[in-house]
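First chain written, first letter: the chains are A, B, C and D, and each begins at residue 1.
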Amino acid sequence: MSKQTQRKSMDYVKKEYKRTRTMPANWYLSSYEYKFNITHMQPFLKKLKEKKLVANKCSGCNRVFFPPRLVCGKCLVKPDRWVDIRDTARVATYAIAYLKDENSEVQEKPMVLVHHDGADTSSIAELAPGVDVKDTYISMPIKAHWKDNPEGGLMDIEYYDLMDDDAEDLNESK
Amino acid sequence: MDKVGIVGYNQVKCYSDANYGRYEMIFEAVRGAIDNAGLKKKDITTVISATNDYYDGRTISNCFTVEVGGGYMADESKVEMDGAHAMLYGLMRILSGNHKLAVIWGGSMPSCYPYHSARLYETDPTWERPNAYVNDITSSGFQMRAYMEKYGLSKEDIAKVAVKNKKNAAKNPLALEESQNPNISISDVLEAEIYADPVTELMVAPPCDSVAAVLLAPERQAVKITDKPVWITGVGWNQETYYLGERDLSQSTSMEHAAKAAYDMAGISNPRNDLDVAELFEVCAHEELIFTEALGLVEKGKGPQLNTEINGDFPINPSGGALGGNPPCATGLIRIIEAVKQIRGEAGQYQVGDVKRAVASGQIGMCAQNNILYVLEGEN
Amino acid sequence: MGRQVAIVSAGYSEHASKRSDVSMPELVNEAIEDCLAKVPSVELKDIDAFVNGNMPAFEGSNIPELWMTDWMGARNKPLMRVTTGGTTGGSVAISGYYTVTAGIPGIDTVLAIAFEQQSQGDTSVGLASVAYGEISILNSLGISYDQLNRLLSAGAAIGVAAYQATTYMSKANITEEDLARVVVQNRRNAAKTWWAHLKMPDLTIADVLDTPYVQYPLRYGMVCPASDGAVAMLFTTEEKAKDMCDIPVYVNGVASVANETAVLGYDGSGSAQLDPSEQLGAMKSADLAYSQAGISFPRKEIDYAEVYAPFPNQELMWVEKLGLFEETTAPEMYETGVTAHKGELPVNCSGGVNSTNAIAASAMERPSEAALQIMGKASNQVPKTVHTSIGSGWGGSLNLITLMAMSDEPKRKWK
Amino acid sequence: MSEKIIEKNKGLVKADFGFWVGLYMDKFYDTFEQKKIIGNKCQECGAVFVPPRNICGICNIKLPLDQNWIDVSDEGILINYTRTAYKVTDRRARKAKKLNDIGMVQLEGSDTAIVYPLIDFKEDDLKTGMKVKVKWKDNPTGGPSDIEGFIKG
């Protein structure tokens, strides 16, 4: 990121420094393992197979975590209740990434944070391929698009479809 | 210095490959400490963690631990050293008068990363690291040889420490199971595989998975929280030079400086009489002897002559010390916890009679380059 | 109870994209020398303790303070290392304050050092590995590597900032031009700061808007550079400070509040920061620090602000969250010149992080610049007299916030 | 509660680093190319440092870059050694096939010791205080690996 930045940004007052020798080194993250307890994810993954969404809820602060969380940081307890969540959602916020595809052409790709109705957290997701990125706006209503045969994984929701927005203040929020 | 009390503690059992997620383990340690003191999340005003980016395999290793470590909307920071150093920062924060309850936690899971490589990153990258002849393994060998040759000691003298610690660890339910051995003998230690001659495998503190947490509070709050607060009456920390070739490895200059500062603060003039027990973070068996001498408990070179068994003249590491399990970033904190247990009389099978004053230490670096020492006292 | 703490000096190394002439400790040494040169009565041996930090994963060295001991002059001295990601500098400065205020016998004068030599490492891997562990769990839960790659590109600092920019722009109803204006002000200021990196005396808004997008709504021209640099600050007690310099700067309030992470939660769960520009943590930090410093009307009482903002939208957002302006009014203040060098409340006259970003050092350059402005020793000194100033920092996934409030009078009150 | 499910994921990426050695070490490595070793001397206490540094840790004063450089002999005294069964690399620590001897040698004319392998020594031969000599690589390139190790002096 940073190196590109300098190449493409504007000229600035530069000073040259003497180059001394360099000593190489590496950091192999491939020799690391990351351990996670995903026990609390199981009810959620199981329900995905039925095209249903569940989230866990903290009894202390009543926040609903979707996807489920191990610990509620606000209360420092494990969430202990399960609640159903609708598959309708809103765009919490978005950004547009410019990524090179196989032909090195830059593609505009919207990255959205999806806030499901009834949940208190947002998660990162993709919009339907046909959505024009320029039309994306904050709090745009969307709906989960399920895979034909859900397998109980996070990819079961392939992407999010747009919903008709009949709110009267649509033009203002746009 | 104002009085600061340790009001709660908790340690997750040491495992060589824990069946735990990282966040789960941190949560268990912190929640346990809060429960141990009978407190709530909202009582926490500051959280100091001890983690290491190279041990956890991620940049900003404390970024995602905010929630599980009790740091949500609390004044949070991280000390990238031993857990004992994190407690130093927690202590400073309490002393400042800004905070009423500090949570200090530290730990990592070496089952998830190449421990010795992560330690190799501590060496000078422009001189020693490319060839890796200096690393935590060889430096321990150098240190033991330097100590033995200077005072004419034998390998048996060093092995005795390992035997004592492994036997003590057998009485400590939280120690690493692989380290607990009530029947170990000196010849077992000497005949174990060579690690870095003269150091053998069994003289080395085995890296393992664990997280520990400690709660600190100023005097006014501490006496309300618990009947048995343990007061921090002295602290000293110090760093000596890095280059092994410049240091006298047979002694620990940094520990001597740290001990002087801590003793002055606590008003200790004769450590052998004024202290009842020591919990020291020894990466290798011989380090315990070097520290014993640096702490002024015996004359230099006389470390092996002191009986440091649980019922001995001056008990050292009744919990088994780091040889009973060395979770990086947590070991120093565990030493403090063990000293607190001794003072509170909660050490169970390895309780050392009546303990009024104890010292606990933490360290980082090759051959204990940076040491920190605490003097802890019970209520009289 | 704690002691009053004063900043007596601050020093910098030169900042550039590649300080290939110096090693990490030599870079640090430049900053130490500059810092001590401003207080002739203090020598290296007079320093009682060191606190330092950098972002180790960006440089491939674990706890570099260990091998740098001699190079820094820290042999046989107490040393503590604090690192918290982007806020490292802020956290180190705050730990410097705590080390002095704690009143530990024999520890009065503390040198705080933060440094970064990014040209030695791989910043993109460094940034990606912040969220790498969390993202890898998503793979176990059924997300393909293809999609993970895209998520990774959004997991880094720029991704977080882009989300934040979108919400802020929509809330404040501003255009990219308003963002570009902030950049222009910063980089023109940087041209007058000797140690700054991107010095652009003739930059215009059109120049900035002419560059391509990195991630909408942020363009290449708006993004901070990657710099090599170091900064050092000298803290001491109230009594000693008076002998060391003419105008000691008293640290009256500090805070480093942590919030839940934005965009991505731990273990790959969702983020509870539904609106990344809301910044509860920043507001809590401001509350804490201002109440310690006895600041009740930040807008009126604060004369100068150094705000940690690698991206222009953050500068706008942060000055509001720290109580300097009403919500969504910051863009107007930049347009009318309130925040300019000659303005009523100058912001980031050093050029800010937007012009110079040696990651760990950046968050300490904010309080150090804020202090130098009070002393009257800043390199782009503002014409008005500064009595009270603040320096802030953010790091992690928008979740760690540091703030230091200082003034030319010791105002810290203990209950 | 059902049984705990722990997931383990491997990291995938690798970060490359290149450390600038800086002016002092650059000067030091320059002489390696001629198979020579230099150190810098503290103007106050007279200690000679190999490798060089910018501050004398003993006196806490700056050592200037342009003066007080001293030639150091490539012969010295073995002051400490160890035999290790491990080889540590950036990636992992591996058990080596045979024990390696690593020695700490104080070169004549310096006050510090450097650590390199001991080449072709038998276990019984090793003794602290014995004389050893640097073995240079055939084609030194100006880096720490120009010294292959120490041989009997």
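We take it that a residue touches a chain if its C-beta (ideal position, glycine included) is under 8 Å from a C-beta of that chain, and two chains touch if they have at least 3 such contacts.
These numbers come from a predicted model, not from an experiment.
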Of A-D and A-B, whichever chain pair has more C-beta contact pairs: A-D
Centroid distance [mean C-alpha coordinates] between chain D and chain A, Å: 48
Distance between the centres, which are taken as Cα means, of chain B and chain A, whole angstrom: 40
Separation of chain C from chain D, taking each centre as the mean of its C-alpha atoms, in whole Å: 37
Whole-Å gap separating chain B and chain C, where each centre is the average of the chain's CA atoms: 33
Per-residue multi-chain contacts in chain C, two or more chains: 19-23, 57, 60-61, 69-70, 75, 120, 125-127, 129, 132-133, 136-137, 140, 260, 265-267
For chain D, residues contacting two or more additional chains: 4, 6-9, 11-23, 25, 57, 90-92, 143-144
For chain B, residues contacting two or more additional chains: 20-23, 54, 57, 66-68, 71-73, 112, 114, 117, 121, 125-126, 130, 241, 243
Chain contact topology (line, ring, star, complete or other): complete
Touching residues on chain D, where the partner in the complex is chain B: 4, 6-8, 11, 17, 19-22, 25, 51, 57, 79-93, 99, 102, 104, 106, 111-117, 128, 143-145
Chain A - residues contacting chain C, complex: 1-6, 8-15, 17-20, 22, 25-27, 29, 34, 36-38, 41, 45, 63, 65-70, 73, 92-99, 108-109, 111, 113, 115, 119-124, 126, 133, 137-138, 151-156
Residues of chain B touching chain A in the complex: 18, 20-24, 27, 30-31, 34, 41, 54, 57, 66-68, 70-73, 109, 111-114, 117, 121, 125-126, 129-130
In the complex with chain B, residue positions of chain A that touch it: 23-25, 27-29, 31-38, 70-78
Chain D residues within the chain C interface of the complex: 7, 9, 11-25, 53-58, 60-62
